[in-house]
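Here come two complexes built around chain A, the first alongside chain B, the second alongside chain C.
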Partner chain A sequence: MNFPRAASRALSTSGVPIAIALVLVVVIFQIISPVFLTPGSVRDYINNAIPILLLTVGVAIVIVAGGIDLSVGTVAGLSAGTTMWALVSGAPTWTAVLVGVATGLVFGLFNGLMITVFGINDFIVTLATLNIAGGLLIVLTEQVPLQGVTTPGFSDLVYGNFLGVPTGFWIAAVIFALMQFFLIRTVFGRRIFAIGIAPGAANVAGVNVNRVRLGTFVLSGLLAGAAGVLLASRLGAVQAFLGNGYEFIAIAGAVLGGVSLAGGRGSVWAAVAGGLMLATLQQGLRLNGVDPVYFSIVTGLCIVAGVVFDRRIQQLALGSFRKRAKGGPTPPAPVKLQETHLLGTGKQD
Partner chain B sequence: MTERPALGADGLLLNVDGISKHYEGVTALDDVGLQVRPAEIHALLGGNGAGKSTLINILSGLTLPDGGTITLSGHQLDLRRASDALGHGINTIHQELSLVPALTTLDNIFLGREVNARFLGMNVKLDRRRMEERVRALAAEFGLSQEDLKLPVGEFGALKKRVVEIVKALAFDTRLLILDEPTSGLEEEERLNLFEHMRRLREKGVSLIWVTHHLEELYGLADSATVFRDGRRVGTVNVSDTTVDDLLGMMFGIAAGEFGSTSSAPALAEVEVESREEVLRLTDVNRSYVLRDISLTVRQGEILGIAGLAGAGRTELARAIMGIDKISSGTVHWNGNPVKFSGSSAAYRKGLAMLPEDRKQLGILPELSVSENISISSLDRVSRLGFVLKSRDEVSQAESYRQRLGIKTADVREKIRNLSGGNQQKAIVARCLNTNPDLLIFDEPTQGIDVSAKVEVHNLIREFVANGGAAIVIASEIGELVELSHRVVIMKKGRLVGSVDNVPHALVSGQFEAVKNRILAMSAGRTES
Partner chain C sequence: METTSSQKNQTIVDRVVTRLLVDPTLGVLALLVLICLLAAFTLPVFLNGSNLYNLVNNSLVVMILAMGMTVVLVSGGIDLSIGTTMALCAGVTAAAMNFGLPLFAALLAALAMGALVGLGNGLLITRLGLPDFIATLAMLGFASGVLYIWTKGVPIIGYMVPEFYIVGGLTPLAGPLTLPMVIALLVALVLGGILGFTRLGTHFFAVGSSKTGAMQSGVRVERVRMQAYIVSGLAAAVAGIIMAGRNTNVPADLGNGYEIQAIAAAVIGGAALSGGRGRILGAILGAITLAAAVNLINLVGVPSSYQKIVIGGILVAAVLANRISAVVSGKVRQRKAMVLEGIPA
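Moving on to the complex of A and B:
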């Protein structure tokens, strides 16, 4: 296919394809069911989606650095638990918030240190902490009933109102903007991309690979802690299995947003758009009376379709580049794509 | 199995003709040929980057050539994937062993070509008994017992693993066996043992293409040798008619003397190195099995060349100096103070920088732009408080390097993977220079780049030391080393085995060839005459 250069460049920019797709899906749902875009409905489903979007961003940062963090779901659940526990024990709102965020931080640090100091595979370490955090939440809920007490300030974290928009939106928007700035505009963010693209080359170039990797897990932990606080604030009660399975929705959202599982490619906005896409699909199906048991099937199909679509776009963009470099030798572009897409079909030519 | 005529009309088993291969602006093979007779051991020689590996990959169906023909026994082959080569009886034993350590010898031999017991027309299970019957005699011939067939190959030593690969190849109608440095990692006795196996293969009528860096090994074993240099075939000779020196000359282009003419030796000779400040001193540095008792110094304004064959430990030494690999004993002094670099970032902070050998894997960050590749080692120079990046400064910094070093790209914001090899290399040089280092290590700085870029990179190195920097240059091309260096040390098997001081003076007095030959002799491991 022949693509204008500017268009192919824009489409190959991380986040643009998924944003377009998201708008299309919203339009389609609005046509099918006009109640889709009522303020109340939008507020509800975004409110519900925000904690998982925070996890999506955290996981996306780890993935861009070439790693994986499976623990974010249960760590968020446990953070919600410790936040509630602090409130139940009579702590003031801000102490409870700090306890929740600190819980995430501790797990992020633990993950990062096990991976960088002891050299254990990140998949294994975070699989272990997934279970540890999940187990600790069950223990906590058996010791203390994590409900019934809430301070007015605490529920305002999500349900408060500032300039007509719920506070939860503001908090999330500020965190997303900060994270995007951090990833794209700072020295540390640049190093995250470098170690994600080629850790060996980054090391030779003087990047302290382990320190950067540790940093990404700490960030992911902090975001999981923040997600836990918002979960507790929204629910007002924490049950034993809160957060279980969230990690996969978060990873799926990041991948759908074009964050490459092979590392080195992605942005915070793209990951947020990917996460929102999943939330929007669920909401659309729910409003149209589809049985919730079908949600995970749709989510799965959506991930596969999204990744294939993203690959096609990349290839088209590369193809038009190749034509531009006329006379030059053909770059082995398809092979390169193989390397950067773990979720590909693995088929060549 | 299909019937094949024994040989082509020309009496050759394999005839490779006019093969070329280009990678993103780099010529790996340029119109090369290779003729292998039946039942001969044919050595394939050449320095790093000569194109041997590319040709082997083409013959094993792993790489598609840009053009040319491959004829086996008079039949033209179309090798599109590994199975095509195997199907025609071309087997390759790669340097990195391709055995599965956890599987038994027998399962490894039949991996992908298993014999199954059948029931009701379906494969139901592996028929290990029949597989064993098929290879038992062959295995015994190469010293593998019935017990060995049942053991996981992970338990075997390097030699036995190679023997398993040989048996694996022979079990399936092999006519041409390609051995890529089969003696690497083998002890002396094991080598001799392997050579026996190679002779036995020849007696069985199998032809061998043998890649090696150890020229002494050829005598009494190889029949003929083809030498490659810079992607071209230099020539094919009868091993019995040539000396090691002849072959070295062909491999590194000594006879051609192509570097003597452009030498800027007089300029370098003016440098009185001895009086300069010592920048780096290594004392008895060891790294288990890789580096042994290395002691050396590098002074300000000096280029120290490190010569040696592949596997001599040159890159390992560079990595140890940079703190990328840990040293197990010995001391490093930096500007007179003992130091221990915990990692590359510590070394960079102290004023060291390194241009790595493997540009594709360890040099460029392919998905980042040229300007981002230049700034990655010195981000504090283009950021506020070492935190927030100033993109405009980053781009203008890259722009100034683009003009100074002549990096050919339309825009420094272009991804670096879209540049040619030589321009990528210049960008990496820019990256190193931008850290403002006191010592810069160049590991094969001109590998895989064309002649004009080579000259430019050489000039950059000279300019760097002329401005007070110190450099270590590692290069396989001895002529290049002699021309660049003030002093050359020679490594072999992880040790320093000799040195040539005052190289510029020798060049001025017209001893270019003599110096090269001394270095070559020491690298190849013979005593200095």
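Moving on to the complex of A and C:
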């Protein structure tokens, strides 16, 4: 493959390939069914996508630090449940929002502490909390009917209107901007990348690896809590299995956005673009009358495609890097990227 | 051997606890006995013959899955698709029976499907370089989607010939003995034999302990990893055949949640998520322990909706114990080495 250097550099920038693909997919769907880009349709599908986009960003932050969080989906479901529970018990909107976010925070803290204090595999801890949160929501829905809430202001969290745009958009946009700023412009954010690339080296350089890792799980829990609040606000009623399988879509979105599962590469806006890509595919399939169950297959294929594409781009970037270095004093050794990082579940003792 | 002062000071209790912590299989056995004793005092019904019989019978599907999972864990991987694969294989058997194939061919079709899914997982991991849990998570989504589309959300029925009641253990084979018990025993013997006495088994442990080390000793790491996933796919197929017989219909969500039970049983039985450690006997005891815990909370009258929380909690406790065990056995090894070198600990 002989890509021009500029093109290969642009493509290897995190988020650019997925943004191009997203535009292409939107254009294709618009050609197939002209109702795709009507304001109502767009508002609907972005409204549906926002909670999962929040989860995608949370998972992306954990993955950039070299971890994984499988619990985000059911934690978001449980947060939606506790939010509704607070409202049903007569709490005002702001208390309910706090309760929902706090639920996410508790699970994030639990995950992070189990992983950092006891040194347990992150994957297995979050698999266990996935089940615990899902089970708690089932129990909660059996105890309290989580619907029929008319607390003023609650549905305005998503459906309200500010400058002609639904409030849900504003909330999500502010959170995304904060996260992007946090990841790129703060010391803590840069440390997340550092421990994702090489935890050992980061440790030697004076980074408290465990504290940063704990921070990423807390962030992911907080975002799951926020996603749960928005879910509750949009749906107005919470069912027992809300959030089941969302972790799958969130991870797929992050991977599609070019967040490397080996850790150390990715950005918030790229993850959002990846999540939007999945939401667009879902909406496009739905508008064209495809059975929604096909979406789970599409998501599975997207994960595989995302990882394969990521590897190709890396090799491409490495190739152009080597070409530039040719003739220099010491050309870099042909490192086989990914191989060592991607084997196993990514846990080291 | 010379006894140092620290060993003299060690009480019997200390030594017993250390021994239990170092050998995970002994540890899970102790846990099982503890649960049984606890149950015997609070709920005499628990130790009833028929209750214990039902308990073991109920644990068989998870047991077979856990044995397959143990092989994958030993080789350093993890198989999240095992539950969905089980459901898919159950669907294949049921559909093959409905299609008019003889029982033998229907069972073979399920096994072929299991091996195919295992091969798919192996190829995703070794050829495309996906991390194990991502590849098998993608396979989970893919396989469950295929099953939903294929069945259109309606459970498959009408395949229950009399022989299938025997396969599912609903009609006992001879006396109290059911066919699933025999099958579980056979699977245990085969997988235990492979792990303990064959070159392939040694390779599983070698690859799980250190991929680089195994590769440098001439082990074909990728092929061994692929074989581990085929083994777990086959185990899922066997479990799926039993499940199809036991459940008498195959809904699309038949396998939901079984992967976490299989992982929990294997981990309770001492399999390490970091690879290179695990036992078939441990998986068997782990599955029975899990079934005993679920049985106990059912007997106490806790609604079944709490089951997910309990299984999740048990998994956390098991990994925690596993981790402590690893730390303690490391310390014991260190102490032994110090004694051998004559350094007072």
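The rule we apply is simple: the second predicted complex is superposed on the first by the 330 of 349 C-alpha atoms of A that agree within 3 Å, B and C clash if a C-alpha of one lies under 4 Å from a C-alpha of the other, contacts with A are read in each partner's own complex, and residues count from 1 in each chain.
Keep this in mind: a residue touches a chain if its C-beta (ideal position, glycine included) is under 8 Å from a C-beta of that chain, and two chains touch if they have at least 3 such contacts.
Bear in mind that the values here come from a model prediction, so they are computed numbers and not experimental data.
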Partner touching more residues of chain A, chain B vs chain C, is chain C
**Asked** Is A:T186 in contact with chain B, with chain C, with both, or with neither (first, second, both, neither)?
**Response** first
When the two structures are overlaid on chain A, which partner does A:F123 contact: first (chain B), second (chain C), both, or neither? second
- Touching partner for A:G264 - first (chain B), second (chain C), both, neither: first
For this session: Using the superposition on chain A described above, determine whether A:G134 touches chain B (first), chain C (second), both, or neither.
Result: second
Touched partner set for A:G289, first chain B, second chain C, both or neither:
neither
Exercise. Who does A:P34 touch here: chain B (first), chain C (second), both, or neither?
Worked result: neither
Checklist entry - Given the touch rule stated above, what does A:I251 touch, chain B (first), chain C (second), both, or neither? => result second
Going through chain A, the residues touched by chain B and also by chain C turn out to be none
The residues of chain A that touch chain C in their complex are 68, 114, 118-121, 123-125, 127-132, 134-136, 138-139, 142, 248, 251, 255, 261, 291, 293-297, 299-301, 303-304, 307-308, 311, 338-339, 342-347, 349
Listed in rising order, chain B residues that touch chain A in their complex are 22-25, 322, 324, 343-345, 347-349, 353-354, 356, 361-368, 372, 375-377, 379-380, 383, 386-389, 391, 417-418, 431, 435
Touching chain B in the complex, chain A uses residues 185-191, 193-194, 197-198, 200-208, 210-211, 264-265, 321, 325, 328-329, 331-332, 336, 340
The chain C residues in contact with chain A across the complex are 76-78, 124, 128-135, 137-142, 144-146, 148-149, 153, 211, 257, 260, 263, 267, 273-275, 303, 305-313, 315-316, 319-320, 323
